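Two complexes are shown next, each including chain A; its partner changes from chain B in the first to chain C in the second.
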Partner chain A sequence: MCMRCVEISRRSLLVGGGALVASAATGVAQARTRPADMVPLIGPGFRPTETDEKGLWQLMDRAEEEISGSNLLVKEPELVSYLQDIIGHVGGPAAKDMRIYLAHIPDFNAMMFPSGFAVVFTGLLLRMRNEAQLAGVVAHESGHFLRRHMIRSWRDQKRKSDLFAIGAMAAGMGGAAGGVYLGDYVQLAQLGTILSLFAYSRAMEAEADAMGARLIAEAGYRPVEMANVWEQLIGEEDASARYRRKQRRRGSLFDTHPSPNSRMADLRLSATEVTVPGRIYDDRRARYLSKIAPIRQMLLEDQVKLNDPGGSQYLLNTLAQDGWNGMLRYYEGEVWRLRNRAGDDARAAQSYAVAVAYPDAPAEAWRWHGLSLIKEGRSNEGKAALGRYLRMKPAAPDAPFIRQMVG
Partner chain B sequence: MRKSGLALALTASVAVSGCVQSRQFADVQFTPPQGNYRLLVMRPDVSVNSLTTGGMAEPRAEWTDQARANIIEALRAEQAGHGGQVLVLARRNELPNVSAEEIADLERLHYAVGNSIALHKYSGAALPSKRGKGLEYTLGEGAVSLGRRTGYDYALFLYAQDNIASTGRTALQVIGVAGCFIGFCAPSGGSNQFAYASLVDLRTGEVVWFNILQTGSQLPGIKFGDIRTPQGAAQMVDRLIGRMKPGSEIREAQAQVKGDR
Partner chain C sequence: MRKSKLVLAAALLPLAACSTMGEGTDLGIYQLVRVKPTNVGNGSVTVLPPRPWNKQRRVFFFDSLRWVEDWTLNGPYLDGLTFVTALPSGEYLVRQRKSDERQVPKFRSDMTAPELAAMLATAYRVRGGAVQFNSLNLQPRQFLGYPGFQFDFEHLDGDELWRKGRAVGAVVDGRLYLMLFDATRSHYYGNALPDFEVMANNARIRHS
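For the complex of A and B:
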């Protein structure tokens, strides 16, 4: 039930599932899921009462204990309470029950667990351009919980694997009694079952998208921002793939999630449906930026070190649509420097030079600006820049070394 | 969740036939604790699932709670027989002067070390450098420091999982075996257990003893002790930790003594 986790859920489905008769009623509507049809299936303070769900929750309580104590979590109290505040706004009836954790993983993902706790990756915070986008993702995850997706898909898997086991046994017995081999049909049925499990998963993702659009619109966020998230993601994956001279992965029958393209298209339609004419929607960009300011440098630092120059460049350009600043320019330089192809040092030098012209340039921008200048032979200017670096960060790990260079 | 990964890997490595299997490894110098020792049992990780007709393991909260309580009781009784003093942790923040994070870290470290033992001792990926050396793994300084501050001599880590075949699963097993008579044999797995225990010497930090227990059968209706009952739990605990053997050097020395006589 995460935004776009592919491998993990697919593998667990293949291992855990493996079952039933081809295309047996999957309960999957091929038509678009409309936000208007998405009503929450649980109220405030929900606790499981049925045996299977109680078991699942017990397991998840253990998982939450592990996750909440993980040293991968970002624990800045301001930021954590900000995320909790957002889920409190777009969480519908369960707003006060859900918990949210921020994991330091430079990847674009978020997930909801069956007992109502969500994990958001830091890579997601880097990519969001405003609070409405973040709220959209959080609302999508809330949608999974409100629509009881985990227990529903568990029951779906259970039903289908039971039916497949019985069907396969019946085919074997019938075949043995009648003297024919039905093994091929059994294999076909198995494939059918697995495919229907994936289709069910995609249907749930579509539900969560529709539910999410409705939740953020009700909370006063501009609904179309959810679609914009996907547009950015598609652009980023294209850019990253193009750089590596490969094609972005297209959708397949084994996808647990609908393709980004179809999600974007559906979300645009949903956005128009949930928009109330005359109501004023906001994206709360300023608030978002001020809240993530303390970790933004860390987010960018993580990204440029992923060795994905295509993706990183696209991302920086996207963020810069709201205006370039010293931080973004510095990391633009870092992308070039770390790529390190012929001419990249000059490109990086240019970015550092531009970066330091902004008042918010990080100390590291002055460091690399200085070193680039020295490399170009402009020793005095370079030393001046390094001096600036030392004044900004006197306790930097390389300070003694730089001090010696400045002389 | 992570522990069941280890469980899966190990289940896959040993053929599921109708039997009870256990295989223990010990440090070459290991002697089973006897007399006046103090044992700290880390929070036992217990889960009981219902095995659906299709073969999925569905976690059951009440069964799990029941089984955990039974296992803790059985552990106390078993250890009392050896004369040791036992504390079974129910929560991570129970020990004075030891934070919950410290216990959590030790559990995680043990999880990684246990995985490594499972891989290199049980799954066939034997390490040439560890051949003939018994069990040569350690939890390091953290474990020693825990022992020093709490006064415990040993820590025991325990994992137990019981999958109980549902009526539908049992019916499927019956049909699968009955099918043999008309030429379609399709036995499928029914109730099964998996458990492991690991003993850490808190004076050295070393994992001195490790055992894995597995039961399971493709014949319907066969049970190997249901840990939801006190008797079943006692049986599992006995099979798992009741028969600790000394390490190879100690055994050789004992054989020598016997031989000399």
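For the complex of A and C:
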């Protein structure tokens, strides 16, 4: 979906814009893409036969080699096989051919590469409320592959000379080991730049949505969850922007994707179309939560510590629609504490106090609860809370300092 | 994707260093720091480096603030030493716009060591491009003759390198004093840590 490919957007805005004009002229953009029309264009075990596509795959193989060896990948075997299992269910005919990698990057993003491997960012896992939502995003990405969007857009735009550009980029990544690279926020994201050469048109995004809806419905997931993902994302973007009193992020997903409201409407309509009366659909929330449980705190930590209060608050409230717990309340406190405006210390203190009332409160909640109490002048209670923290996490990195405070 | 200022700055370095106006003039990016008592930051702290270092012009990670000064031995990609001297309450470690979606928290004079450590962690995530940040140790330590703290940490950055760091700091009269050392974990950290330790121990507040 490349939902937040900021790097991509500037270029693809131009490229995709051109494609949009072209399709609008022929009337293609007017019609809604229906899931029923979305037939996979490739079968199992697909390999390219034409020269340009073969060349592309070769380069992608190198890119994949780079990625699979990156130390930014989360390699927890359970989690990786879980993601592989999902793509195996919603990957249509190519289900067994596609690979999926989880990159430790706190942004909302997922991307499919022309040779059939997908990269999912950990920030995506944080934002999904259930497995159906995750499956929806993965299915959308599969849709790009199954509909051969990369090679189609490549050929449509007759930008074959850019193959050299890709080659150069792949070489650049190889060269990184030799210390000759110009760093980016995340090297992996350079692959986002590669993707920008394929600039999906809005029509293609609509196709991937429709294809995705069909794939998740066939796999038994509640189809409407795809629309919900979209709604959550719009909400988060707006909340973050409103907070900073400015327009949505420049170069945001809205540049390359259909207008948000019409897209949401289309997704809801598609969800209705692919729903078979009498069939039972599931969101598999419990399974999702148990699978990501080992990294949930890391995911929250990554997001909240970026100190984007508007976005983080929205996100916590969204996750809390399924019920507040000690972990979420603790991170709510962290949002306030890091924001650090007048009165925020009191707000944070209140969240910590609520957090520790839950049995699942992380040890850190006790630490900040204790420190807040001490600042309020409630020294004894504060020290007791810090003591609790130390008992829960005797080997905590800051234990030496906290011990000194407790005295 | 946001760019890491740190990394970006490093990428620009070779170009600048090659320019004819570079070395040896006031327009250079570096200035030699000799082995003699040297005032740092806003001039309120003096340290005695055990060997020559390079002082950076204020264009990098903690940039263009008069309370903050950066040094390096081998270039900011590999190692860096940051002095924060007498940062007043309500100020930031870095220059940033209010509209930036991700913010380095503001310093307040009532911050405790765990809060200061968390502030640094967020600075690395927001401005240093760290995708993973591990606190290793937070313990009491005297700094400038005042009760302060020592914070050890490591982080994995977007360029796929692990870096390791140590901060030693104290809040004195409501102002933050901090020395922050950060270097690639595999070699450069161990290489320059002894220098950092010497300076963290000989740093003095100048009483004018």
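The rule we apply is simple: the second predicted complex is superposed on the first by the 333 of 407 C-alpha atoms of A that agree within 3 Å, B and C clash if a C-alpha of one lies under 4 Å from a C-alpha of the other, contacts with A are read in each partner's own complex, and residues count from 1 in each chain.
The rule is simple: a residue touches a chain if its C-beta (ideal position, glycine included) is under 8 Å from a C-beta of that chain, and two chains touch if they have at least 3 such contacts.
Since we're looking at a predicted model, the values are computed, not measured.
Look at A:G220: by the touch rule set out above, it reaches neither chain B nor chain C.
By the touch criterion stated above, A:P400 is placed in contact with chain C alone, chain B being left untouched. Of the two partner chains placed around the shared chain by superposition, chain B is the only one that A:E66 touches, whereas chain C remains out of contact. Contacts of A:L56 after superposition on the shared chain: chain B is touched, whereas chain C is not.
Touch counts on chain A: comparing chain C and chain B, the chain ahead is C.
Contacts of A:R367 after superposition: chain C is touched, whereas chain B is not reached. In the superposition on chain A, no contact is made by A:P93 with either chain B or chain C.
Comparing the two complexes, residues 176 of chain A contact chain B in one case and chain C in the other. The touching residues of chain C, when paired with chain A in their complex, are 1-4, 7-8, 10-11, 98-106, 108, 110, 112-115, 117-118, 121-122, 125-126, 129, 131-140, 149, 152, 156, 158-160, 162. By the touch criterion stated above, chain A contacts chain C in their complex at residues 6-7, 70-72, 104-107, 176, 181-187, 189, 192, 240, 244-246, 249, 302, 305-308, 310-311, 337-340, 367-368, 371, 375, 397-398, 400-402, 404-405. Of all residues in chain A, those touching chain B in their complex are 16-20, 51-52, 54-59, 62-63, 66, 69, 154, 157-158, 160-166, 168-169, 172-173, 175-177. Listing the residues of chain B that touch chain A in their complex gives 1-2, 47, 49, 52-56, 58-62, 64, 100-101, 104, 168, 172, 175-176, 179, 182-184, 186, 188.
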